[in-house]
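Chain nomenclature is as follows: A, B, C, D, E and F, assigned in order of appearance, with residue numbering initiated at 1 for each chain independently.
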Amino acid sequence: MSRIDGRTPEQLRPVTIERGWSKHAEGSVLISFGDTKVLCTASVTEGVPRWRKGSGEGWVTGEYSMLPRATNTRGDRESVRGKIGGRTHEISRLIGRSLRAVIDYKALGENTVVLDCDVLQADGGTRTAAVTGAYVALADAVAWAQQKKIVKAGRKPLTGTVAAVSVGIVGATPLLDLCYEEDVRAETDMNVVCTGDGRFVEVQGTAEAEPFDREELNALLDLAAGGCADLTALQTLALEATL
Amino acid sequence: MSRIDGRTPEQLRPVTIERGWSKHAEGSVLISFGDTKVLCTASVTEGVPRWRKGSGEGWVTGEYSMLPRATNTRGDRESVRGKIGGRTHEISRLIGRSLRAVIDYKALGENTVVLDCDVLQADGGTRTAAVTGAYVALADAVAWAQQKKIVKAGRKPLTGTVAAVSVGIVGATPLLDLCYEEDVRAETDMNVVCTGDGRFVEVQGTAEAEPFDREELNALLDLAAGGCADLTALQTLALEATL
Amino acid sequence: MSRIDGRTPEQLRPVTIERGWSKHAEGSVLISFGDTKVLCTASVTEGVPRWRKGSGEGWVTGEYSMLPRATNTRGDRESVRGKIGGRTHEISRLIGRSLRAVIDYKALGENTVVLDCDVLQADGGTRTAAVTGAYVALADAVAWAQQKKIVKAGRKPLTGTVAAVSVGIVGATPLLDLCYEEDVRAETDMNVVCTGDGRFVEVQGTAEAEPFDREELNALLDLAAGGCADLTALQTLALEATL
Amino acid sequence: MSRIDGRTPEQLRPVTIERGWSKHAEGSVLISFGDTKVLCTASVTEGVPRWRKGSGEGWVTGEYSMLPRATNTRGDRESVRGKIGGRTHEISRLIGRSLRAVIDYKALGENTVVLDCDVLQADGGTRTAAVTGAYVALADAVAWAQQKKIVKAGRKPLTGTVAAVSVGIVGATPLLDLCYEEDVRAETDMNVVCTGDGRFVEVQGTAEAEPFDREELNALLDLAAGGCADLTALQTLALEATL
Amino acid sequence: MSRIDGRTPEQLRPVTIERGWSKHAEGSVLISFGDTKVLCTASVTEGVPRWRKGSGEGWVTGEYSMLPRATNTRGDRESVRGKIGGRTHEISRLIGRSLRAVIDYKALGENTVVLDCDVLQADGGTRTAAVTGAYVALADAVAWAQQKKIVKAGRKPLTGTVAAVSVGIVGATPLLDLCYEEDVRAETDMNVVCTGDGRFVEVQGTAEAEPFDREELNALLDLAAGGCADLTALQTLALEATL
Amino acid sequence: MSRIDGRTPEQLRPVTIERGWSKHAEGSVLISFGDTKVLCTASVTEGVPRWRKGSGEGWVTGEYSMLPRATNTRGDRESVRGKIGGRTHEISRLIGRSLRAVIDYKALGENTVVLDCDVLQADGGTRTAAVTGAYVALADAVAWAQQKKIVKAGRKPLTGTVAAVSVGIVGATPLLDLCYEEDVRAETDMNVVCTGDGRFVEVQGTAEAEPFDREELNALLDLAAGGCADLTALQTLALEATL
């Protein structure tokens, strides 16, 4: 039994990674997971937040947002409401933690990289596309900082690669990279962030309808590990191209 | 003496208008004026704000925002700061007023169109690109509403077309459609919104460095009227294509 | 055909300019344009905002607000709502820009003048009364700063004078200095800020009902230039009196 | 030993009560206690807050604010800061409670009166001037509502009069109606709100420097009762004049 | 005629003072006045707010809050609403002023003590329980600071003791320490803060239903003075125990 | 090698569950995991949020907060800052989701239960203590609603039990129920929410220092499942006692 868009359970949607999308940012990527499109920019600034000054160490943080009409129904702007919602906070924090997992703060020196992930169009998996695209933007930004000598010669701030994918159980079948329609029907929903060497950075599983058992959890983790490996290969391919 | 990008004083930057950019919005346009790129979506909802209920008349409003790294230096997100700045307020209001100038509220019926203009990349003239693109998105959204019978048969909510362009005096020369570098050097800066039949909807001129006299004002108005006519032609061309 | 208050089309309402209204502010003016009454205070502080420190240059800024019952129907306080509306933002910015047009930042030195314009009673034209009154308060504040040696001897921070007036087309007739009742019926509404030598600082025209053509625009600009000249004369007269 | 402005300890500053100051409000008073000037407007609206609907009873509430340059040093606007400070909250609540003490909610019917007290110039005692002026504005607004039949014929919403004054101990001497300079030097500061028949509505005494004993408290209460009686006479006089 | 909980008019509810409730704070007390329970913590930090730097003097401030379900009906969290209400502001300021009345700023040195009073369960008199408990927490925090040499040897920052109680007139009878049910029925409500030597720090009386006369005020002050003396004895007893 | 508090790796801290802590809430529990103390109240209100009206289904939501001095260093109040931080948002959402996992909305009917979890003292594991305590408060609140016939006779809104525990890898050893000191040293940190029948509701694992592999993940899941089973037994015991 095939999925609504004809994929097999362990198949990613078509992924595109367009580097250098913005002329201003030190790193910028327009990533798409099917109809989900996220613009990820990496902004390098010299200096670090106050609480980190004098440590000799850098900082990496993330901010996630959705354009009001990225979704099927227009949502209010958080700037107009005057406050950020819980979901936005949660995903911004996830992006920051995920990228920091592959950063050597000492090698980065007292510099800050902000990863802005703005969802231009949403069709499920926006946070995993954001993490996956942000890594590529970060890699370009770090390369830029190395070339500009903002990062000292010989220092390698990036200690690995990172990618993320969603998995879920829909109608008792574990599926990789859920689109929106699958996501709303999922009994269990999990977002997994992996490094390129196959280890876990984040595992966030939530029972949407029914609690899940260990066997289901294992099936989801297997699927996610495979999906992240595929995404890692696509990131590498994208970064090998000349910008 | 040519301009920094080689244009003549009365020449627009290359303009592209990509309709149907978003799969969700009733109308959506990615417009570019040179390196300025604005995503304009038009969202139709049935019903009107509370103060207009029972009037039989519709409403059109606009919201403008810039992605944090649309500019050369990253700006804080207004959602994170918890308040909208004066400039954002001012431009959002301008967009709403400009588009309402070509709307017949009665013909629209008690429906609302929200025009979201999000600047993905900025290089001067973001508000004028926003107005120009928003018109095309609005036209598509109105056509959609007519087809869906949300607008009653035979009703024509659009009474004309609208486009906008910036003009300014740089080094004593009046120039059309300023890019960022010209904008910061302008002695006088003016944004003009015109209807397709050459009348004015908004004229906003500001002396940045030196007050301007009537003659300079006239030269700027002439330039702007010509630029808006060019933009009107490009809008028409874009709307003639099959979506 | 005369106007609702018996004026000719090119006639200002009675204008009063009461200097030294407040015992605390370095400059203070209660200005009235007919029933519109605005209290304008100019506050001088040594030092400038952070982004201007060390430049040797001063800064001038404006804040506009309306008392809740300045209008016919009580409005909510913006402090209670916790945010400033778009209209307030827009006018505050206009006041700042208008007054900065006649300031020599170098001559002012690293000092800041804040112009607070609080509308005590509104009957149309509050922003133009605010700009016109703020100029007089600014002139008094600058004189105070010169006398206190906060501005260095021989320096002249004021490079000219500035005044503002509204004009509009009501029932096809261009009118000067609209009162509220005229304002709500205007097809086109324009606010014009001029220097004392007859040049323009701001021109903001908006089609409220119907787009306007170049001829109408010209008629409005002529009317406004005349009105500003009259206001300039009244400002001069007021400033010649001993405080 | 006389006071800094030559008054005796039990003497009020010159008090002026200017009724009908605003053309829009149902009741409006510009009151001055010496150099303290407060504009008090009373706005009548039909209907009551949600929690009171259907009760047949009205509501009276107060809002207090200071213009930024009402004081010697310019303060930030609470609307710009985005929140109301504790002092403003406290005084707004005091004004509401004080005026409600002389209101018969049933007689008022389901109508609301908002008392806006905006300090135009401050020299100590702004809250007591606000309460005293608000009473006069309220009386005018109630008379207006009676005349307009918004209050039913024969109903008397006002059950008495109310006035307020500050007292304090300065240099061991109890003083009435402190000006700013006395206020900052006061060891004890007390605000007292009385009805016209000499009873207390609010007694708020605070030891600023040194706790006070019962004897001092009694001396202050005696002074305050006398001051409120004087103010009641001035209110009555003002209200007897034809508006 | 006895009270709803069987007390005599001049009787406090059972009071418990549990010191050292929190393992983190320098001083911490869980105080109960009957069913009212307030957790008071005193946090000592070296340094003072910006406006006090270099003065050689310390600072003491208070913050009051109620858990959402401290009351019979759940209230919204002020953090979720995004602003602090007037009542919270008012009580926080009262706590700060009351405790500062017994502090010698010079002896405290440039150190700050924050008194957090969080109402875990409310049954009337939460602000008076907060002040009474905060004093004990402050005493423990000051002792800690003396022992840690944060306060210089020989310095005594505490100049006395402070306690607070509510009194009110219910059914024409003056009552001490009102529980919630009495509080809502009170015609007059008064909160009194006294030092241990019987002087007044704050007297805040409010006519809830009916203005009160001097005789009633005297009866309430007598009751309050007695109640504060009882509370002072209980504070002393609590502080004599070994922590 | 034993832990800093002498526990074995798979041992919980001493857990206490005090039901009926508050006299107002329909369910209330003071739960402690060692020195972590959380007050959990369950508030039942008839009716549901607007978006759920008419569905016949109920709603359960959670709010988490920490008292400012629950931690070793005083934190700012979120109500004073005017916004809720990302961590608070994240945990509030976790609590809501966790408890909804054991709710039959239809059986609950159109009623809402709000679970307030306020951390009175923090020593690691506050969110897991909150979920575990909130379940017991919810069970009491549901029983109350059944008895009051707010839930229809025969309906069982609770479909199971839920408990939560933290696990982490510290110095290469997987440990159950981390205290604060262990938490800051953990290489990997995981919070797990289980139902009483051993299935998972939430699994949130985060690599703090080093990404983790599948084997480590399995060891942590085993530990957590055991810990949740122990907590389930303690919940059952607590609920068997007569309130």
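What we mean here is this: a contact is a pair of C-beta atoms (placed from the backbone, for glycine too) under 8 Å apart; a residue touches a chain by one contact, two chains touch by 3 or more.
All values derive from a computational prediction rather than experimental measurement.
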Starting at chain A, fewest touch steps before arriving at chain D:
3
Give me the set of chains touching chain A intersected with the set touching chain F.
none
Between chain B and chain F, what distance separates the C-alpha centroids? Give it in angstrom.
50
Can you give the whole-Å distance between the Cα centres of chain C and chain D?
33
Hey, how far is the Cα centre of chain D from the one of chain E, in Å?
28
In chain E, the residues touching two or more other chains are 82-84
Counting only chain pairs that touch, give me the topology of the graph as line, ring, star, complete or other.
ring
Starting at chain A, then chain B, how do the chains run round the ring?
A, B, C, D, E, F
Per the touch rule, the chain C residues reaching chain D in their complex are 22-25, 28, 35, 39, 41, 43, 45, 63, 65, 67-72, 74, 77-80, 82-84, 88, 114, 116, 118, 120-123
Listed in rising order, chain A residues that touch chain F in their complex are 83-87, 89-90, 92-93, 97, 101, 160, 190, 194-195, 197-207, 211-214, 217, 221, 225
